[in-house]
């Protein structure tokens, strides 16, 4: 059964130095608050997995938390580069960052296979693409029926998954809705997990019979962090703060402006910082 | 885009002699009315695919529509044997029935891989089981990362999928809810499809953002057949007619009682027969 | 004090007792369903029931006649599609106890639900394996519920699902990491695998049952553990809850007809 | 009668015109999104838009800033998880037109969005391929929208996604059954693959653009089709709808800030 805790207790309990950590959220429900807590707790030597490393991974990389990044698209969506990621890859600042690069299809299949308890995933992929030449984790199998060669990749089995959900009920079940990404798979594929949520409710109430719900017994810890996905968005709660994504380009471009921002806005703050971004309840058609 | 038609027009258009046909519904939303129409239209030499061939496949097999059955569990759920299936396998009546037998996991994976456009599926299966010895379609691959041997099976790519849905909207999108089985996969894996539905609505209205909906352009034909899943059930519309499942055991036990029943209840009837089993609208908590 | 009960009732009650509140069960129709829900309605109120039709954490008030019963879906936390059920939930290794049964069982708890006679020209064509070939190896352990009789055979006509294979470390040699059948609960007694040979061995005998009865209903020479217990008879409470459940089920299925 | 327009506007308008009402599009952010929605709001009202975030048949009233924009989900027929999107919808072969772009393109419309310089010690680390490696081969055909300039190179530093490879039947030799890039739409002209060599060849030049301009902005020797058309300029209606869309988008994104 999931354990309810504060965010700092939750990160303390689930993330260890050297862990392979998947903080997921495919442009929606990105666990920003949890990522900041990892920075505050100064975790080191992490292998970070994420399809679309964006601002939160830029911050973790820039603060020296990561030794390695496993990803498929590393940019500031709709804006441009992730300057801290680039600085680490191009210049080795603040440390050399090893990268393991895949396509989206590969990453999604790798999470799916991880959730399914398989050692690898197969898909029709990478044909004619150079990534297979530079990533030794991309191999192939031959279909025993048709002779077709299919791409094979190891499944993702992270030590920890960290995601942001919409609601938890008192029993610790977590409801997601909207752009689901690979969050359910990430949790099911991981040894440990932490879910931050917008809201804790007594009961989910009437709902679609096939609603996307992670049962309590598949989750490690739950922390109530309203606004915890800000500046990304939470379906039905708040919108994406687009202006911040644009502003980040300036903040992160130089090492000193980045460090100053992190000090002021992350290191000197705590999880309650996020509450101001939350909205109390579901607004129609948001 | 899906074409709306009567059931008889729909079957006429999508099912041809010799086709591989998947009528799916995992104990819920079984397309009985459509199956009866196939019997009335006297289709022959079909290869029937279905995880759980039950009464409707017993009827199709007993009426001589099928040359082959691909399946994982062939019984009358909660009651016992399918006598027509047994008669065909054990005695070759009314014709010899070839069987290709899998496990549930294999069948579900084969539909999933078919929907995903892959030639095969891999899973951890059949270990220590004799089925792999008698079904040459069960092969294996070796994981290129761990060396583990995994079962491999060809994906299902039926000529036709036939399913029963809850609602279609005017644009021809189809909504399913409740026990979803493998119906979405069966339609997406097939070249052609026919969906019978309980109800046609102008618009699905407010719904979960992740509701199980097959877009119109993934469906061949739609026929409005209220009650079309009877004596199985349609979530929110009507319950399973358990007594008929028990009664079927008696009806199907002997060839003559079976034939008399089929003549009276299928051959001499038409699709409107099913309307009496329908209920007009969704009843809470049914 | 001891109530009278049927052989089927003690079999169900004994199976229910073996289940823990923390268990996640992969439940089949029939005795497993009755046992799982009896456990839920007595000592294990938070036990997690999953049916292969995709229903997760279902709390049926009546027993389903089939795994697709609407009752299972209506009372579930959520219901997933069948490919997901077999991939994420069963193969994903999330099930602590799976239930199996069959037409035939051998002394290593291998099961046959496929054919009597040869596969190509069967004397009796049985329904087939369904989920069993993977349930037997994906769940942490397997409980088998089967009344004893002519299905307890020396040699299976067909191995539908792996038990302990040919005994000893056969499962491990096949690369299987789960325990396999840890309990075979019958209407006469309880078998558990011998720690070394893995032969199913009687560890508890139901009240009033004799060793002769057990042997007469078993196609191999029955072995007994060093210490054999007498099974505690069903309590009045257990019987009351079980009978209420069956009565409710009968009424509900009658109504639906 | 002809309105004035920017190079970016004619590029978007030309891309929109190439889309049919019956198309199922895999849309990326930026110009593809603008072109797809312009088509939907003009001649192709029932065109199907899919974004890789899982939103199916979405009808956004404003352009998304990212593929995960709530607007896409709120206006979609339904939204599926990302593994399903890549398996059932993209790999399943349901997409008629996929859009791609990149930092670099060569004359066979292979694209680079990975690195400038060497992979292990890049001069510029670009965002990477995202969905491109599979979009390029799973969609029935690919439209590329890219302003011409220094990204039009003789040789890519890295092939992120396959276009026509080394030309001729290279795609077929690799076992790929789809058409690949059938249109490269720039701010200056339209390229289409030569039927035999598959080299991207100019088939239409935008009004007022010269061949010199095209060559100056292309890193290889530009070839022209036997018949080269002049692109019809954007109509007043096309520009009005496109500008309204951008204005609505700007207001909406401002408000959300």
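Note that the chains are named A, B, C and D in the order they appear, and that numbering of residues resets to 1 at the start of each chain.
Just so it is clear, contacts are C-beta pairs under 8 Å (C-beta built on N, C-alpha and C of every residue); 3 or more make two chains touch, one makes a residue touch a chain.
Because the structure is a prediction, the values reported are computed rather than measured.
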item: Pair sharing more residue contacts (C-beta pairs) when B-D is set against B-C; value: B-C
item: Chain B and chain D: spacing of chain centres that average the CA atoms, whole Å; value: 40
item: Chain A and chain D, separation of their C-alpha mean positions in angstrom; value: 28
item: Length of the line joining the C-alpha centres of chain C and chain D, rounded to whole Å; value: 57
item: Interface hub residues of chain B, defined as touching at least two other chains; value: 112, 116-118, 123-124, 148, 178, 180, 185, 209-212, 235
item: Per-residue overlap in chain D, given as positions that touch at least 2 other chains; value: 73-74, 79-81, 87, 91, 138
item: Touch relationships between chains, expressed as pairs; value: A-B, A-C, A-D, B-C, B-D
item: Residues of chain B touching chain A in the complex; value: 116-120, 122-124, 137, 139-146, 148, 150, 152, 154, 177-178, 180, 207-212, 235
item: Complex contact set, residues of chain C against chain B; value: 29-30, 52-55, 64-70, 72-74, 79-83, 85-87, 90-91, 110, 114, 119-120, 122-134, 136-138, 158-162, 165, 170-171, 174-176, 253-254, 256-257
item: Chain D residues touching chain B - in the complex, by the definition given at the top; value: 24, 48, 56-57, 73-74, 76-81, 87-88, 91-94, 138
item: Partner chain C, residues of chain B touching it in the complex; value: 26-28, 51-52, 71-75, 77-78, 81-82, 85-86, 89-90, 101, 103-105, 108-109, 111-112, 123-131, 134, 148-149, 178-182, 184-185, 212, 232-233, 235, 239-245, 285-286
item: Chain A to chain C touching residues, read off their complex; value: 112, 115-118, 173, 185, 188, 209-213, 215, 217-218
